Each structure stands twice: as structure tokens, then as C-alpha cells.
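These are the structures in question, set out in turn.
In the two assemblies presented below, chain A is common to both, partnered first by chain B and then by chain C.
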Partner chain A sequence: MPLTPMTDSLLSIKDLSVSFRLPEGETLAVDGVSLDLAPGEVLGIVGESGSGKSQILYAMMGLLAANGRASGQVLFEGQNLLSLLPAQLDRLRGNAVSMIFQDPMTSLNPYMRVGDQLAEGLIVHKGISRTQAQAEAVRMLDRVRIPDAAARARRFPHEFSGGMRQRVMIAMALLAKPRLLLADEPTTALDVTIQAQVLDLMAELGRETGTAIILVTHDLGVVARLCDRVVVLYGGRVMEEASAETLFDAPVHPYTRGLLAAMPRLETALTPRLGTIPGTPRSGGQVIGCPFVSRCEARLPDCAIHRPPLRDLTALDHRHRVACHLTGTAP
Partner chain B sequence: MSADLAPIQSTSTMQLQLRRFRQNRLAMISVVVLALVTALCFFGPYAFPFTGEDADFDVISAPAEFKWPHLLGTDDFGRDLLVRVFEGGQVSLTIGFLGALVAGGIGVLYGAVAGYVGGRTEGLMMRLVEVLYGFPYVILVILLSLLFGGGTMALFAAIVFTLWLTPAVIVRAQAQSLAQREFVQAARAGGMTGPAIVLQHVVPNCLSSVIVYGSLLVPEVILSESFLSFLGIGIKEPQASWGNLIQAGTAAMDSDPRLLLLPGGLLAVVLLCLNFIADGLRDAFDPNDR
Partner chain C sequence: MTLLEAQGLDVGYKLPGSGLFGGSRFLPIVHDVSFTLEPGHTLGIVGESGCGKSTLGRALLHLTEPSAGKVLWQGQDMATIPELRRRRSEMQIIFQDPVAALDPRMTLARIVSRPLATFEPGLTRHEARARAVEALGKVGLSADFADRYPHELSGGQAQRVGIARALVGRPKLIICDEPVSALDVSIQAQVINLLMDLQENLGLALVFISHNLAVVRHISHEVMVMCLGRVVEYAPRGAFYAQPLHPYSQALMQAVPEPDPRREKGRIGTSLSGELPSVLSPPPGCVFASRCPKAADLCRTTRPDLREVVPGRLAACHFVEAP
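On to the complex of A and B.
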């Protein structure tokens, strides 16, 4: 496994911004996000809709919409993904880095047999024969627990259920044994009863192949279940980053606390109402201060004027970072 | 589990659509009739001891008396009418199917590339299509006839040149929406290159609408071949085509309607069949229209 000599991180995102050209002007979807990911680590990115969490993944994969532009650096094994040529990117995508999409109902080509779709990537990246690739695909389908994999591989996507299709997508993503797997809300479109099953499978296979995972979700339950570390995103900026335990036990940022209060828990099942965060997420436009200021219950006069820097809070966790003026004064 | 799974045949979307097509009686009858006419046109002439271009000066303008060897009589050069109609059918059907196939193929690829690539390239490609749309068809054929020295090639080139435009536009619209679909995104995320995505993901997903349009293209090509040959700028005598046979028939319409009715009737039958088949295909392939 080629690693950069300088760092032990697999992926290092430095000051990534993503903007979209719209008729109304430029909109900043991701605003100066920095992240680090170690090999084999599972990182969760949480945030509300429109917080820019999916766009981080799309920017990394070079899949931004035509009017989108990414700046900053995304260093994957020392290579800046944002400055690669299309052909270099094609060699990496589906090979060292792969991605699972939100909706399994639409992420398979309806006119191609499932086995062929799985094999396609292997033939392209590993240069093996069709027969070998097919055999490899069947083995992988078997590992994602598709019953009677050999027969199913010759079937078409419409003959699979939603959960099975998402397992096929997982098989497809892990087939080339990537070192990094990007999962964009992989269970949102699935039935609640199989969400956990699909997630566990993904995490388990990820562990087996030593694949690092970035899991984008708005479901904190998913984060609690799978992630080593969590990044909370709001308005395209990192609000808080911590290990999963620290985040759930001792959240610092008011937004994180609000999110956790809005999460149903067993022990609070008898309280009549779930907590909510007042207001709606901001949309578009540049913010001078903290993007969360209009909805924050603990705001200070300074919040609307100065952007809070991302500070290290090493009291509980050596990689705990928070962007809030409150932590600067009295944590 | 695997025991009861094995005997069930896996069915593709295409197979399901073809099954639906087979249940359409009118379309199936049309397929049979069309197959019969095609077989007659291609194999019928072998049953006779002469070709359509051999003139028999003993029996000029013989009437249809169902007597061997001139079953339906001869024309005013003493050439056997039935054999000429068969040979004309060969030309018309070949140009019809081949023309639709080539025009469709070019259109599909062009449209798929334009729709998938998008942006300025797409704009340029589609503006070119619009410019070509504005080109007067008949003048183009006359120019090409001059260029190729007339005959089948000029006609074929002119027909393909004008008819690939509509499939290109149809496919472009489809490819554009397909390019946004998640499986195409997934293919890109899987490191597939542009040409591979166009051929494996975009084109197959456009195919059902292309087949429907293509089936309407065949009668259109046959009709324009006949029309141009009728005007005298398509297939030239002595080579027969339905268009120039009908044209010769109209000249003798008052004295001998047989010369017009036979090629005209056969053309009508073929066009009807093709239209019924196109209808059946559309019903089978378009889930919204049932």
C-alpha cells in the first residue's frame, strides 16, 4: 500500500471549498473544510440537508455538477485529487476510491445484468478477463449475502429488492478492494428494518479489506453505530469534530447539542416532544460571522461579526475541534 | 431456496417488451405479411427463367392472364411485370431497412455523445443539426445525384443525410437526462471512461425509444425512395424500384391500370404493415401509453 512518507493519513482535505455558479450569483456550498482520515478509519459527516456534506464527496470524486467548482486540496495518498487529469482520475475512481450512492433503485443500469455491471469495473481496472471478473463478482455477491449468487448475477436489477440492490452496490464498491470508500447516505432510501443490516455489512466488509470509510448521513443513530470519528457540518463549515464517544457524551457546539437533543432516544421515549432547532438552515449568500448565528440559542454579540476559528479542545479527546466563540471564553 | 429459483428464467426489460409485442395480433399479422412480401421479392425472381431487365419482344404489353411465364403480363418493353415488381421491391426494401439502420445508428451515436458530454460541445453539435434541418431535401438529392452520378448511392446518401437528424435529437434529449441518473454517476465514480459509458449505459437505455422511432423511419425511407424515384431523381431505369414502376404505371393508367396497381398495391401493403408494427412496438415499449 503506497503511503506518503510525511504523514500517516490516507486522506487529507485542506481548506476545501465548493461553489456553484447560479443565475443569482455564486453560492458557496462548502466553505473551507479541512479533514484528515487515517487508513481503515470510519469517519461520519453529519449535517442537515444543504449543509454541503454530499458536495464534499462529489468534489473529491470529480463528480460536481457542471456549474460547480472546487478549490483547496484533497490529498489522497499525497496526490491532489482536484488537480488530476480526467484519465488519472478514472484510474483511481472505482479502484482505490469508490463510492456508494443514496438511491439503490437508480444506481444500477436497468439494461445490464447485475453480474456484468459488477465485472465491468474489474475488467477496466484490473485488466482481468471477463470470465475471471464474473467469478470474482459472484464471490463478492456471495459475501454481501445475496442468496444463490451465481444465478442472481445473471439477473437484471429490476429482479432485485431495494435492500438487495444496495448490497449489490456495496459489493460493486468493494470489489476492487478500495482503500477509501465514500458512502453518500447509503441507507436513506431503504426500509428501516434493513438499514442496520446494510450498514453493518458495509462496516464489516470495510474492516476485512482495511478500507477507510467516509459516511455522509443525517442520521445520528448511524453515526453512533459505526463511526470512529464524526464531523458536524453546518452551512458548509465544520462546526465540531470529535471521536464518536466525545461527541455523544460531551458535545460542545450549540448546534451539535441541538442535533443530539433532536434525536429520539430510548430513555427519553416517554417525553411527549422531541427537541427541535428553531429556524431553518440559511441558504446562499456569504456569511460574515458564524453561519449558525441566527438559530443559536447561546449566541454572543461577537458571533454575527467574527467567524469563529476551529479551535482544538484537547481536554477530552486529542482530536476534538470546535468552531464556536463560547469555547474561547468559557467552555 | 436455490431449488425453486433455478427454473425461473431471468427476463430482461427488452424480453418483457417483446413479449408484450407478441400479444398484439395486428402487429404480428403485419410481421408475417411483411416477411412474406420480403421473401417473395428476394426469392421470387429465381423462379423465372429471365430477369426484370430482359425484354421479350414477342409479348409486348401482354395482359395479366396468369399464363406461364408472364403471370401478370409484361410492360410496353415486353419485360415481365411481376419480376420487375419483385426486383423493385428488393431495392425499395433494402434501401428502407438499411437506410433506417444507418441513419438511426448515426443519429443515436451523435445524440448520445452530445447529450452525455453536454456544455458547449453539445450546443455546437445540436446547432449543426439545426442547420442541416434547414437544408432543402430535394435540392440536396439533386446535388448528390450530380455528385455521385445518380443512382442508388446518391439516393441512399441523401436519405441517410436527411433522416439521421431526428433520431439524434430524440436521443440527445434522453442522453441528457440519463447523464444525470445515478447509475451513470456510479459508472463515472467507478472509473469508467466517457466512450465506455456512452456505449454501455447511455445507448442501451435509449434503445427502446429508438426502436420505436426506427420502425417509423423504415416506411419513411421507403416512401421517400419511391417519391424521389417517381420524380425521376432516384433509382433510374432500367433498374426497377417501386417508385419508378409506379411512375411508369401512371403514364399508362388509362389504358392499363395493372401497371400502376401492382407496384402501388404492394407498396401500400408494406407501408401499412410497417406502420402497424411501429404501432405495436410503441405500445409494447412505452409503459405510459397502455
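On to the complex of A and C.
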């Protein structure tokens, strides 16, 4: 697979596959994904259920379920995360690399005051005193616009609203000034006005600390607001990768085009019906040809037999890649 | 004739009292909602969590009794309709979680035909099954689905079964409570198109409850925006999306992320500040005052009435003017 060599990359994922052992056999969730991320860059990974988008993050952080196995390489600042020992990963997680999840309540300890939870990471990773760490935690809560941060730091998670909890998670994730933040559907459970607040915060704080972000989401609108670059995933494989502008203005892959046509919008002219992709998203399992073939209305006989390689399409964007046999003929 | 009419509807829930002698308390959720819905039309109800939109949806069918006001079904007060259970064949509801709404131990034919036992008790088993197969056909599921079980379905298929069950009694109205929120984008579009096709072919009226303004735009003829249990704006679809009048509607519109990076990059930093007031202690003035960029002292003390700003367009804001 052709890979643009990136000398300045913070993260370089090479041929990452994730499989799970199930009673009915081995199933492949992520199938040979390669991508690069520069320091400070915001990358969106978009896909429907079962596309493997979250498993990429879990594999990177050593958080796969017990029956899961990852192969390939995840080079973070030159170090392969997949070969690290648990103790080495612990030094990295919550320090150089942080992660936030969809449901903040399951990530916060219900028995621990919010301020103490935030401070804990700093005490462990940075070796500063409890008092200093507490002060730093309050400062960070204030940065994510928790009203009356000093008093709030002494409260427990259940005393916070959903939007506030997610802001606490962001405060916690960015406290150690990580070089990479992994966010798995961070705003999916939130109302739109709260989502807008959280996205604003991620954009602002990411820029301030120079933190690179990988945002995993099913929502193309969220990607458009936050991301510099987008990877579209289907059936565990990269279908298309481009800058946000190129992907939304000139999508090439039939799947990307189908997804965009299926999205109801606020500002474009109304059509009598939405565009649709027939069938349902596939999840996992080995395929011989293109994983999208059964739902693709532009398929060629070759698509079911040969796996389309991820090809560079540099006409619009020097990092535009598409895995489709039609790319030679598509506009 | 108007199909459904809400007149000054209040809905709430009884909460258990505190302590040994604490009487039960009443928690009002929906305040003073009025609207009319014509046959074959779709009313979109939009709002964020806790705005009372689902509670209102249930009250419209008297699944939750309104505490004040009334619902008229074809001009008749629903509270006075004898054997309302049987009349509900005409007014159905579908829910957000399509799988949870289906009994896992029943075949799809049984799930879909079951309401007929109430609506048309005279039908034979054979006839009821034929009606179920017919309803499944209307939602695009072939007859061989009739003997399958819910666990064999994808989310989109399960929602189609929910719609088939609503259709089996040949309704005039379906209340759709966040019917596509749990579905993938490509499946969401399929289900929205299906509802629009059914409306066109069967002359159904829909009440479409959703937090998603873009979905509501696509499917609705009229739009009602709710905030903390109150209607803050009501308008025909075209006028509303061209220019929402209430500051809350405007804020919602601004917050929705669209798949357009140029629009979106310009919106970073425009989110509302301030916290949403609690349902348990609603503010005395305007429900949106704590987050409204235009709020004045008046807004914090006096609740604005819902008034007709332009013919056919209502808004509840002290400062709103005709566009």
C-alpha cells in the first residue's frame, strides 16, 4: 500500500488490523488501516456502526476487549504502542496521550470528588504536590467554563449535568497537556447547544496546547466543524481520506457521496426525498473485494473479486486517497 | 376537518412525597400547548432533552393524562371518547429504540398483528396474519420476514417493523418520537423517506418529535420549537427555516453542525454560554433568559406570551419583531 512518508508525523499507523475471537470464529473489525497525523493536526475518523472506527482507538491505547488482537504498527513519536508493556502504556496514557469517551459518567469515579480526580493524574504523571495539583485542577475547570470552579471541584460527578461532565472529561484529558487526544464520539450524547460548547472548547484548547486530536464520530457535521482532515471508514477499511474541504466539496468514493447525500441539511435546497444507500452497514468479517460492494450502485464486476487499493488522487489535495476501482473514471 | 387539536394542554407527573407525611408533589412538564393538525400534514416538534416533547407526544394520545386543557380528535374531546383503546387504531405511536419496542419472543407477524386483537377482535388468526404481512409489505419487508424474530433484525429493519405495527390498524395519525435518532445516517434516510412515502400514499398525518432540526426540516409542514416545557415558536416550515424569529430557535440553528467546513469553521466560538435552568426550578421569566444573548431585565422577571408576530407565525419573546 503506498504511504506518503511523513518526516514530521506525531503518529503513524501502519497496516493496523484488529480481530476478535468469537465462538463462530475469528472476525476482522479493522482491516489494514494506515494513517499519519502531524503534531497539532485534527483528524476525523467517520463511519457507521461496525465500521471499526472506535476499535482503532482502543487498539492504540491497549484497551481492546480480552478476545481482541491487534497487528501492524502504531508509531507514536517513533515508539510502537502495540509492543509496549502495560506499565509503559500506563506512563503514556493520561500523560502524552489522553482519551475521552462518549459517556462521561462511566469514565468518572462516582465516589471521588471531581477536583481530586483531576489532580490525581498530575500527581502521578508530573510528580507535583497535592496542593499544586488541586490548584491546577481548579484552574482547568475554570478554563472549560465550569461556573464557580473552586466550589465545584469539591463536588461529586452526579452533581454535574451531562454537558458539564463532558467538559470535566475534557479538562481532565488536557490537564497534562497531552500531545495527542483521542476522542470517541465525545458529543454524541449531548444536546446540540451543549455539543457546540464542547466542540468550541476542544478547538480552542487544542490550538492553545498544540494537542493533535483524533475525533471518532458518525456525524459528518461535527467533523466539518472541528477537523482539518477526514478518514472515511467502512467495513474496517479506509474508503477515502482527504482534507475536510476536499472531502465535502469533491467526495470521490461512492460511499462518501452516498453518506453526504443521505444527510438532511438546514441550508441547501430541499429535495423531495433524501439520497439513500440501499442495504445496511456491514460489520466485520473478511471480504475478498471491496467491503461496500453489495450496497454500491456504481459497482463493477471486478469490485466483488479484487480489493481496490488505496490510491493517491492528488489533483485537488496532495493527501487525497481513495480505495475504489472507479477512481480512474470518476470525475 | 381538523384531525387533532391541542387546547391549552398542561402535562406533568406526580412525584412521591418526602418523609412520612409528605404529600405527593406534582411536577409540571408541559405548559399551555395549543396547536391544530390537519389530515395528511406533519407537525415537527423540536427541542433539547427535558423540553417536554416526548411527554407532550404521549399526552396527545392520552397515554399520559393531561392535567389541564384538552385534546380534540376530529373535534371530539379525547377524554369523552368511549372505548378510547379501540379508537387508538386511528392514532398510533412509534418510538426511538426500535429493538426495545419489540417483544423478543414473538415472531414479527405476531408483533405486527397483535394490536388487531383490540382494534378488530372479530378477525380470524388467518386474517390477522394476512393484515400483518400486508403492513410489513408497506414498510418494504417481504413476506418471509413474518416468521422471523426481532433479534434477526438490524436497527433499521426493527424500526420498519415498529412502523408496520402502527400501520396495521389503518391509522390517520402516527406520533413519531425520535424515530430515527438511534439509526445510522444511511438507514435514517431510508426511514425518513419511507415515512414520507407512507404519508403521501395513505394520507397519514404525523407528529414528528426530534432533537434534530435538519431532519425536522425535511419532513415537516409546520414546526414547533419547545424549551423547558413551553412553545417558544410555531411557524410554517419554509418561513421558519428561512428566518427563525425566537432567539432560542436561532441559537439552535446556529449550533447544528452541517457537513460544510466553510460554514462550520466560521461558527467556532459562537456557542451559547450559561447553563440550562432545571425543570425542578423553572425561572419566573422567559425560559431562555439565562442563555439568551439579547436578554434584558424584563426577560428575567416576566414571562413573554406566545403571540402572533406575523400571520401564521407565533413566538414567545418580548423583543421579537416581524422580519
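Definition applied: the second predicted complex is superposed on the first by the 314 of 331 C-alpha atoms of A that agree within 3 Å, B and C clash if a C-alpha of one lies under 4 Å from a C-alpha of the other, contacts with A are read in each partner's own complex, and residues count from 1 in each chain.
The rule we apply is simple: a residue touches a chain if its C-beta (ideal position, glycine included) is under 8 Å from a C-beta of that chain, and two chains touch if they have at least 3 such contacts.
The shown structure was predicted, so the numbers you read here are calculated from the model rather than taken from an experiment.
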Clash or fit (per the criteria above) of chain B with chain C on chain A: fit
Partner chain(s) touched by A:Met169 [first = chain B, second = chain C, both, neither]: first
Contacts of A:Asn109 with chain B and chain C, given as first, second, both or neither: first
Vertex chain A angle, Cα centres of chain C and chain B, expressed to the nearest 10 degrees: 80
First, second, both or neither for A:Arg229, with chain B first and chain C second: neither
Contacts of A:Met61 with chain B and chain C, given as first, second, both or neither: first
Partner chain(s) touched by A:Pro147 [first = chain B, second = chain C, both, neither]: both
Touching partner for A:Lys53 - first (chain B), second (chain C), both, neither: neither
First, second, both or neither for A:Arg91, with chain B first and chain C second: first
Touching partner for A:Arg237 - first (chain B), second (chain C), both, neither: neither
Superposition-derived minimum Cα distance between chain C and chain B (Å): 8
Residues of chain A contacting chain B in one complex and chain C in the other: 147
Partner chain C, residues of chain A touching it in the complex: 48-49, 145, 147, 161, 164, 191-197, 199-200, 203-204, 218-226, 244-245, 248, 258-267, 270, 273-277, 280-281, 295
List of chain A residues in touch with chain B within their complex: 61, 63, 66, 87, 89-95, 98-99, 101-103, 106-113, 120-121, 124-125, 147-148, 151, 154-156, 158-159, 169, 172
Residues of chain B touching chain A in the complex: 1-2, 5-6, 10-14, 118-119, 181-183, 185-193, 196, 200-201, 204-205, 207
Chain C - residues contacting chain A, complex: 48-49, 154-157, 184-190, 192-193, 196-197, 211-215, 217-218, 241, 251-265, 267-273, 275-276, 291
